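Two complexes, one shared chain (subunit A), two partners (subunit B, subunit C).
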Partner chain A sequence: MNGAMRTATAWIGGAALLVGLTYVLGGYGLDIYRKLLLTATLALSYNFMFGFAGQIALSHYTFYGIGAYSVTILMTQAGWSLPLAALATIGISAVVALAVAIPANRLEGFYLALATLALAQIFIVALVQGGEFTGGADGIFGFKSPEIFGIPLSGTNFVIALIGLFLGTLAVLQFLGRSYFGRACRAIRDNPRAAAAMGINVARTNIIVFTLTSSLAAIAGIFYAFADRFVNPYVFGIEPMFLLVFMVIVGGTGRHAGAIVGATVLFLLPEFLGDIVGRRYILIYGLLVVLALMFQPNGLIGLYDQLRHRLARRP
Partner chain B sequence: MSALLEVRNLTKRFGGLVAVEDLSFDLNAGEILAIIGPNGAGKTTTFNLISGSLKANAGRVVLGGIDITGLPPHKIAGHGIMRTFQHNMPFVSMTVIENVLVGSHRMMRTPWPALMAGSGMAEDRSARVRAQELLAFVGLPDYADRSVGELSFGQGRLLETARALAGRPSMIMFDEPAAGLTPVECQRLAQVIRDIAAQGIAVLLIEHDMNFLLPLAHRVVVLNFGRKIADALPATIAMDAAVIAAYLGTARRKRARAG
Partner chain C sequence: MTDAFELLMSIGEAASIYALVALSYMLVLRPTGIINFAVGEWALLGAFLSVSTVVTLKLPYPLAVLLVLAGVGAIAWLTERLTIRPMVERAAPLMTLILLMLAVDIVYREAAVWGYGTANHFAPMPFGSGRVEFGPFGGSTQSLVVIAATVLVFAATWYFFERTVQGKAFEAVAIDRTVASLMGINLARVTALSFFAAGAVAGLAGMLQAPLTTASYLMGLPLTIKGFSAMVIGGAGRVEGAVLGGLVLAASERLVLRYAPVPSAFAIAIPLLLLIIFLLVRPTGILKAKGAA
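The block that comes next holds the complex of A and B.
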């Protein structure tokens, strides 16, 4: 089949390109690349919840943190092996997500944002006040990289694993987004009353989406723990959470490509702007979001679509 | 043989106001039943009680022998009652065919976790074929990949109809389907509704427009102040003294006052 073959080619080509970059980049560039892969993975799952399903939650970095801290604590303090600790971590994050999603489902829009914001703040306080268990404000550091089948998860191996995480998350969300389930999510975002009249269980769908995307964030968190072998409360705070919202809006909500483009542009921008404006790049981000909302609600990916249409129309 | 839909002694009170009182009627497969009445007669309340948006204080709604009283809207749809809205409620971010596909949600059998691994594609393809057929059936065959924003109001009503049919309903409910349509669009929609009933699907509609419903309905239930005052053939209704007093009589007085 032509369509299927083209899809397979795109995936293999994309994977080859990402792996190729690993060997081209070195030192500092490779470090940026690893963080970018993690950020883009988070943007993908956040975009599914925020862009596809229209749930305004601010707890994505919290689940990222739950993933990173759980796996670290289970391995360093309880002495569990990586596979066992990873499975338990996914279980913990899913339970926490359900505990948030089921009562929060009675809340809508703005109130879900407030409830998850409160959760995010409580999480940071708990980490800082956690004593030896969480390492307090200093976090936990200096633990060693794990091995999988005798292969150490460090250096280039680790980057390849991150590429697997990124592509795996993309594949799962792509399949889900194109299915009747993805259509149900968008239907709920567009008009919950009409969605219910079509036989869609709105509450159940919302709970599944929140739990699933939050668990995907936790899985990314497991990988984060071994990026620098360092977990710290402030990495999972409110500021990166808002940056994630910005990335999805600037890139283009409700589109996987939009999330990837937004994450890439906003993640790399400080690398170039940092020398000129320092930490004030946040101001520029704020401006970008306002401009995007006013003039380009479909984000950068929408801009790309318009350009492509215009070029295609030209003889 | 008993009727497809049996409404028995349905009552709904809002505080001291009795919106629907002790209402009973039947609806058979393939039948077009219109519920009419002056403003405030309880038509919309009846509609909402059956579709699950409101809970009744008393009475039962039975579909094909199954008691569906008080179920939430998505479960009512799950039992095979689909509906359209008086003010079109399309899913605005989707194309026309995607809107129809949402209507087929209850027919989908692949469990959602399996979808993440790419299952359910064959099911999706056959739903797409059926959605295209339904768009042709209502007269929008060339609009499949257009954005819903490009449809006129009348086309939007036809899309709502196709979307409701995608759930393979045993009964379909229209909430004032003629409202806002041009005479030509009304004729087109009336023909679509006749074709739907001819397939054996029960049609329940609430409507103001007598010119639209009298030639269309097989039977008419008339409400006044929440009570059923007539249940008869359209021709009989047009001559019923109580109906004329409750409905047409008021309109004549209004016209006299306006003149």
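The block that comes next holds the complex of A and C.
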């Protein structure tokens, strides 16, 4: 098999596996699966900003929420159709992203981190205080699933749409990662001054990466809105944001597979251990991340690579 | 008119807390380049430690202050020793150090939740909840305690940087790490000291804040954000910038709360708005660093 065929086989095989799981899992398992697909999609785009481009931002869940809330409000209150509402939502998220990224890139250093942390805090307050517009602390619920070409986006159809979102995000990011733009991002991550010396516009690249990945989060948010047909402020808070950072670090920063592995492991662990450790899993994750950063900076995926090399070297 | 002076006292009180947190940021940022997410959580630890020492153990207040300063300072010092220093020795990128502090920040908070729960803890004011007045100025005793303590901290900081050799060494490291180490300055010692001092200052901020709002596991994050805004507004390069930034932020916040026709919850947007305005219009802050062009 040549390279292109192998790639095609991998994609088709992966898609078949993910779709197959939809029919194997049922009830609660399927619900977890849907949430995992969304979380893994977020981890992929976050990893691109954070692992490929070396930017720390804490607003990925905020943009996820902007996506979910904008599309819900535009469709239920303004009565727009899904395609129109989705396009407007992406536009809104891009404008918000630019408004934060442009000032934060005026200085060298990690100013974006704190600016986005403040944005995340304001977003939650705005949602809770939004009155009828945002549904306040209760959020908005009970709206209808949309239809695409007459097919209702609910049940198994919706899970397959989520698989499309996940694989689509992966494909876009893989393409970007291998392009000139992706190489520019990695050059900035490794040494901003050297990158600038090679003619890369550091501030502009940073702003584009942030806006792009934030918009990908908003697109995931559009899908989230129809997962349970329910949006609520606390889903988009700062706590899940910290967990997303942890997922990428534990899985393996800067690798698509790392983001997926990290999201899967850290997302599923509390599902199984929830009764035993309760809230303390956050403390355990925090310690895990400290250890990962200090002793295993390539994360779980790096551990897997080491293991494979060791096995391959054995006669 | 007394209303205006009352407002001034409350601005002074808030500005003091923000200035202390901004100072804590600066103490770590200037010699190491680390934007330290953990400052708010250090304040939280200070608040909880003050509850333990003052309420639970019923220790005299001055002793409690010393214990909080030493306790949070020691936690910060230990964090530097165990996580930051080994990574600096391995020449880890700055991003790794910032992420380490982000993870440590969660560890602090969750450890505090483990020890103290998620309930709010009452912390008494050292001089009771009465009022004091002199001339036109009037306010709660706690406002005066907060302002007085902050003035003391900044006076001590000024003395340290301007009058001691250690302070000059610190300044040299802030300007250029490599050159400073070539001049025989012990980088590891300066970094350890800066973490200890930053922890102590943030811990004090938390202890001063606790009687005003109660000590809660959620108090760290707003201080993390406001202290950072105050630092950027005033100028990250100068200690005086922390005070000035704290004043600008506190005044904007209190004036909006008092006079602007928006729900009070939206005052939360002021730190970000000021941050964005200053980064766009004057990214160096009001006061430029000494020696900067």
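In this section, the second predicted complex is superposed on the first by the 310 of 315 C-alpha atoms of A that agree within 3 Å, B and C clash if a C-alpha of one lies under 4 Å from a C-alpha of the other, contacts with A are read in each partner's own complex, and residues count from 1 in each chain.
Rule of thumb we're sticking to: a residue touches a chain if its C-beta (ideal position, glycine included) is under 8 Å from a C-beta of that chain, and two chains touch if they have at least 3 such contacts.
The structure presented is a predicted model; accordingly, all values stated were derived computationally and were not measured.
**Q** Just checking: does A:29 make contact with subunit B only, subunit C only, both, or neither of them? Give me first, second, both or neither.
**A** In the superposition, A:29 contacts neither subunit B nor subunit C.
**Q** When the two structures are overlaid on chain A, which partner does A:152 contact: first (subunit B), second (subunit C), both, or neither?
**A** neither
**Q** Just subunit B (first), just subunit C (second), both, or neither: which does A:168 touch?
**A** Once the two structures are laid over each other on A, A:168 reaches no partner at all.
**Q** Mind telling me which of the two, subunit B or subunit C, contacts the most residues of subunit A?
**A** Comparing subunit B with subunit C, the partner touching more subunit A residues is C.
**Q** In the superposed arrangement, which partner chain does A:20 touch: subunit B (first), subunit C (second), both, or neither?
**A** It touches nothing on subunit B or subunit C.
**Q** Once the structures are superposed on A, label A:83 by its partner contacts, choosing first (subunit B), second (subunit C), both or neither.
**A** neither
**Q** A:195 contacts which: subunit B (first), subunit C (second), both, neither?
**A** first
**Q** Going by the contact rule set out at the top, does A:110 touch subunit B (first), subunit C (second), both, or neither?
**A** second
**Q** Which subunit A residues lie in the overlap of the subunit B contact set and the subunit C contact set?
**A** 189
**Q** Which residues of subunit C touch subunit A in their complex?
**A** Residues of subunit C touching subunit A: 33, 35, 37, 83, 86-87, 94-96, 98-100, 102-104, 106-107, 110-111, 113-114, 221-222, 224-225, 228-229, 232, 263, 265-266, 268-269, 271-272, 275-276, 279-280, 283.
**Q** Okay, in this complex, where on subunit B does subunit A touch?
**A** Per the touch definition, subunit B meets subunit A at residues 51, 72-74, 77-78, 82-83, 85, 89-94, 98, 101-106, 108, 110, 112, 115-118, 120, 123-124, 127, 163, 167.
**Q** Help me check something: in the complex, which residues belonging to subunit A touch subunit C?
**A** 54, 56, 99-100, 102-104, 106-107, 109-111, 113-115, 117-119, 121-122, 125-126, 128-129, 189, 238, 242, 245-246, 249, 279-280, 282-283, 285-287, 289-290, 293-294, 297
**Q** Write out the stretch or stretches of subunit A touching subunit B in their complex.
**A** Going through subunit A, the ones touching subunit B are 172, 175-176, 178-181, 183-184, 186-187, 189-191, 193-202, 208, 254.
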